[in-house]
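Each of the next two complexes has chain A plus one other chain: chain B in the first, chain C in the second.
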Partner chain A sequence: MKLSVVNVTGNGVMVVAIEGRVDSSNAQRFERVLDAVADAGTRGMVLDLENLTYISSAALRVLLGLTKAQARKGGTLAVCTVPDSLRKVFEVSGFDQIIPVHDSQTEALAACSR
Partner chain B sequence: MSVTRTLTIETKLEELNRLTEAVENLGEEAHWSPGLVGKVNLVLEELAINTINHGHDGGLHEISFTFRSTEDALTIDMVDDGKPFDPLTDAPIPDVNAPMEERPIGGLGVFLVRKLMDELTYRREEGRNHLTLVAYRAE
Partner chain C sequence: MVVKPPYKILVVDDEPDLEPLMLQRMRRNIRRGQYTFVFARNGVQALDRLHAEDDIDMVVSDINMPEMDGLTLLQQIPKVDPNIRSIIVSAYGDMENIRTAMNRGAFDFVTKPIDFRDLRVTIDRTLQHLMEWREALASRDQLVALQNELSVASKMQQSILPTHFPESAHYQIFANMEPARSVGGDFFDVVSLENERIGMTVADVSDKGVPAALFMMSTRTLIKGAAIGSGGPGDVLREVNNLLYEDNETEMFVTVLYAEYNPDTGEFVYASGGHDPPLLVKPDGSSTNLPLTGGIALGLLPDLDYRQNSVFLEAGDTIVLYTDGVSEAMDSTEEQFGLERLRAAVAADPGGDAEAANEVVFDAVSEFVGDNPASDDITCLTFRRTGGG
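Entry: the complex of A and B
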């Protein structure tokens, strides 16, 4: 798993690209890094999942916690470019109803900046 | 083309890597779609973690997997000697349509297993859990 902040907009929305696998073995690290990014004063976060190859329920749990934390401080968490192979997981878990899923970074940023 | 593989892991979390590797190797050999590889990995990880964390009151035990991949479907038999656990009936069903504030964090693992597999059969036999999972190749 590799996480990198790839963009920060003028109004404080951070774009984080996630590559590789997030499973039970690294979900805690995933959570710590994203919490740290969220604490860095962002008012929204976009997770670019284009190069994410695998996500387990341990990772979904982290995303739900993060979404709740963002909501509490008035921010938004959005994801974009979800690979086809992971879409089904988002759909059946109902996560696509909770976390806005966008086709591109631009679209996700526009939604988070509203 | 039909491919059969077996794998036995011990009930400790470090063993999950071997499970993932086996799924990925078989997926490559039998030409599964990336979606199928991801789905099978997720499902087996969830089930194995359940058995590792909750299946026994201590001690090292084994979980065995038999994979049969054909042109139409993948069938996996998972066997362990843990406490009786039927994923079809022994896990609560989360409300996936609940608004975010009401969604509990967690409790999704077994639900995903049920949703992502096309067939699921459980039987308890001679002190062992036998779970048969089927995923169709056509998506």
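Entry: the complex of A and C
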């Protein structure tokens, strides 16, 4: 798993690219890093999942925590460019009804900036 | 040096002048909050102090003393606390006593007349060792605690799985769960309902460890309670979701596929809470993924509605319920087992009973993953409508 902040917009929305696998073995680290990034960001976070190969339910739980944390400070968590194999995970679990899934970073940023 | 000062040092010497001398020569270290000193005049007094004060980190002891000498004291200290470190003060060149002291567990020694700079260096080195020792102990304890927790959770998980399945002239049912080495959160359950109807659950809790196992147990109990006297799978999931949400402060969730079969009508009704839909297998081996019902995993949001869907089973039709431990099982190249392989596996079922059919899935997954250790629990439930009504 590799996390990198790839973009910070003028209005403080952070774009974080996630690569590789997130499963129960590294979900805690995933949570710590994203929490730290969220603390630094003013409002809104976009996770670019284009190069994510696997996401476990433990990682989805982290995303849920982030979504709630963002909501508390008036921000939005969105994901974008989800590979087809993972899009299914979002659809089946119903997480796509909790976390907005966008086709592109631009679209996700626009949604977070509203 | 890793510091958690001040360190409490017990100085044991029958010479009354040592106490003011020590306090005077170590005053800078005391003032900086590095050390505090307490004193005893012989081994017996020293042991009394060690018993009375559990925060003493280290002992600096003379050898020759009345009532109990330093070498005897050394033997007694580990019985009070094996993690206290000792420095022995011996006469210069008294190698015999020094050797005895080291054999009895002294960490280091200094010689008389005491060179306080040397003593300070020796104390610091001893404390450094003590810190590292404690850190190692702490991480070992954490590891042991973690393993204990996982083994407790694993036992809780196993304890809720049914080991007997209802027998009926109308259907066969069998399920199994193969736990991953680090506990996952899968479980299954089978509930007998009114009028020979049967309820079945396959579920996956989002976490591992004892809290997840407790969440799993309450999910299973709530489903069982809701199933008895419910208006069907959609209602069951709706009710269980609300109950789980009520006291869920941990963002834990569970994906559930709950289904009921009515042998009078042959109707199989299911609802999904964020779980993979059932696979329907015809007697000729062809199979279809039944449509998703679109429900969200349970425990996340309150007041959700869960749609249900139904199919009518014909004699010989088989329903396979599974967790993502099956579909996402990986081989050494990180390729996933996937639905197509699952469908191929069930198509190749030689046509034994539900238990044998269920075993076919586990065999196929196991053959596929080879030596790659399972990262998630693998659960599969097979339900087959047999001949007759």
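Here is the rule we go by: the second predicted complex is superposed on the first by the 113 of 114 C-alpha atoms of A that agree within 3 Å, B and C clash if a C-alpha of one lies under 4 Å from a C-alpha of the other, contacts with A are read in each partner's own complex, and residues count from 1 in each chain.
By our rule, contacts are C-beta pairs under 8 Å (C-beta built on N, C-alpha and C of every residue); 3 or more make two chains touch, one makes a residue touch a chain.
This structure is a prediction, so every number in the text was calculated from the model and none was measured.
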Partner chain in contact with A:Asp84 - chain B first, chain C second, else both or neither: first
Touched partner set for A:Ala71, first chain B, second chain C, both or neither: first
Which of chain B and chain C A:Val92 touches, first, second, both or neither: both
Touched partner set for A:Ser56, first chain B, second chain C, both or neither: both
Which of chain B and chain C A:Glu19 touches, first, second, both or neither: neither
Overlapping contact positions on chain A, where the chain C interface meets the chain B interface: 23-25, 53-54, 56-57, 60-61, 64-65, 68, 85, 89, 92-94, 97-98
Interface residues, chain A side, partner chain C - complex: 21, 23-25, 53-54, 56-58, 60-61, 64-65, 68, 85, 89, 91-95, 97-98
Touch list for chain A against partner chain B, complex: 23-25, 53-57, 60-61, 64-65, 67-68, 71, 83-86, 88-89, 92-94, 97-98
Residues on chain C engaged by chain A in the complex (per definition of touch): 182, 184-185, 204-208, 251-253, 255, 272-277, 292, 294-297, 300-301, 324, 328, 334, 336, 375-376
Residue ranges of chain B touching chain A (in the complex, touch as defined): 13, 16-17, 20, 33-35, 37-39, 41-42, 45-46, 49, 94, 96-101, 103, 105-106, 108-109, 111-112, 115-116
